[in-house]
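We call the chains A, B, C, D, E, F and G, going by the order they appear; numbering starts again at 1 in every chain.
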Amino acid sequence: MVERPIDALDRAKGKKVFLKLKNGEEISGTLKALDLHLNLWIENAEIQGENKKKFSIMLIRGDNILYASPE
Amino acid sequence: MVERPIDALDRAKGKKVFLKLKNGEEISGTLKALDLHLNLWIENAEIQGENKKKFSIMLIRGDNILYASPE
Amino acid sequence: MVERPIDALDRAKGKKVFLKLKNGEEISGTLKALDLHLNLWIENAEIQGENKKKFSIMLIRGDNILYASPE
Amino acid sequence: MVERPIDALDRAKGKKVFLKLKNGEEISGTLKALDLHLNLWIENAEIQGENKKKFSIMLIRGDNILYASPE
Amino acid sequence: MVERPIDALDRAKGKKVFLKLKNGEEISGTLKALDLHLNLWIENAEIQGENKKKFSIMLIRGDNILYASPE
Amino acid sequence: MVERPIDALDRAKGKKVFLKLKNGEEISGTLKALDLHLNLWIENAEIQGENKKKFSIMLIRGDNILYASPE
Amino acid sequence: MVERPIDALDRAKGKKVFLKLKNGEEISGTLKALDLHLNLWIENAEIQGENKKKFSIMLIRGDNILYASPE
């Protein structure tokens, strides 16, 4: 049984996640690590939209996250 | 008797909730888990409005929440 | 004698309160519970204004509150 | 001798204070209680300006305060 | 020798200071007290600019401060 | 195995990183040091864009970071 | 060897630093003291730009800092 939302997201490690940031940016990639602030370590990250960009690895600071959805 | 607002919301686990975010977005879905920061784990989430989107599961970072109303 | 502002508001539990939020929204309803962050549990909440809406019960995250006035 | 700014404001309890909020609103009323976050409990509060409003009692969440001046 | 910036400002108690706030407002007055959050207790405060105003005494909540300069 | 996102970024010390800030600025440079707030110490920093600027060394306050990607 | 970004900046005490603030203001001056919040005590501070101003001494509240670069 799920206890905390962050424990639930933690089970998605190794899977692809869709991220919506507070500034409107959308990022998809593989969740490799997270902490209690929702700092995320993402592999094969792809910034969506007109300014599409790819990063082999990136840390997203947790306070930018609006929501995170595992596929 | 209700003690804390978060304990009250906790009793809505398993029920459908309507969420209004600070950025104006409205989301409805089933509340699966929450913590003291109001991080929420939502199942069958539906982002309302013109850009309607569905997510089978999502974590919403608590500091984005304006209000949450169980049905 | 009143000691802390939150203790003072706590004595309004069960009464109708008027809430002004930082985003300009105005909400009235019955105060059922509160905590030190000013998270509020409101019954029969009514969002004022053009987009009038009613909620039988709602949690408002405390950091959205501008002021709260018991009737 | 004054030690801390909040102790100094505390001595204004029972007196009329003028409050300027971060959103530009101006409120005057009688200071009844305060805490370390600058949450204020105000009696006979009057919101200044075009949308003049009166409240017999109100709690203002401290993080909205720009400055507070006792008369 | 100066240790911490706040200790340095503390030595300006009793002197005139110029304050620039995050919202652009400029205030000058005599520094009477301060704390670790930079809450300031100012005597003979004068809000600069078009809407010039004077306050015999005021508390400025520390999180509004951009910078403070003793004369 | 990676444990925390910040430990993962820590392994990039000495390498070139690309930084996107919340205000939209983009900075590249060599990561020399970081802490838990994501305060970063960057060598040979280059602010991208129209107002291109170079700094031999700089500290970026962590709360400005949107994301950081090691090359 | 550098351990923390703030220790690294601390070694610049007595030197000239260039500061970029979150609101876009640029300030240069001699770093005299700093703390863990990045509150800075600056001597011979000069606000750059159209509204050029000089201050013999100033405290800048740390949460306004975007980045700081020693010369």
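Basically, contacts are C-beta pairs under 8 Å (C-beta built on N, C-alpha and C of every residue); 3 or more make two chains touch, one makes a residue touch a chain.
Small disclaimer: the values here were computed from a predicted structure and weren't measured.
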Original post:
Can you list every chain that touches chain B and also touches chain E?
Top reply: none
Original post:
If you take the chains that touch chain B and keep only those that also touch chain D, what is left?
Top reply: C
**OP:** Mind checking the rotation angle between the two copies, chain E and chain G? C-alpha superposition, nearest 5 degrees is fine.
**Re:** 50
Original post:
Where the CA atoms of chain A average out and where those of chain G average out, how many Å apart are those spots?
Top reply: 33
Original post:
What whole-number Å value describes the gap between the mean CA coordinates of chain A and chain F?
Top reply: 19
Subject >> Multi-chain contact residues (two or more partners), chain C >> reply: 63
Original post:
Can you name the chains in ring order, beginning at chain D and moving first to chain E?
Top reply: D, E, G, F, A, B, C
Original post:
What part of chain G is in contact with chain F in the complex they form?
Top reply: 2-9, 18, 22, 38, 62-63, 65-70
Original post:
Touching chain B in the complex: which residues of chain C?
Top reply: 21, 23, 25, 32-35, 39-41, 45, 55-61, 63-64
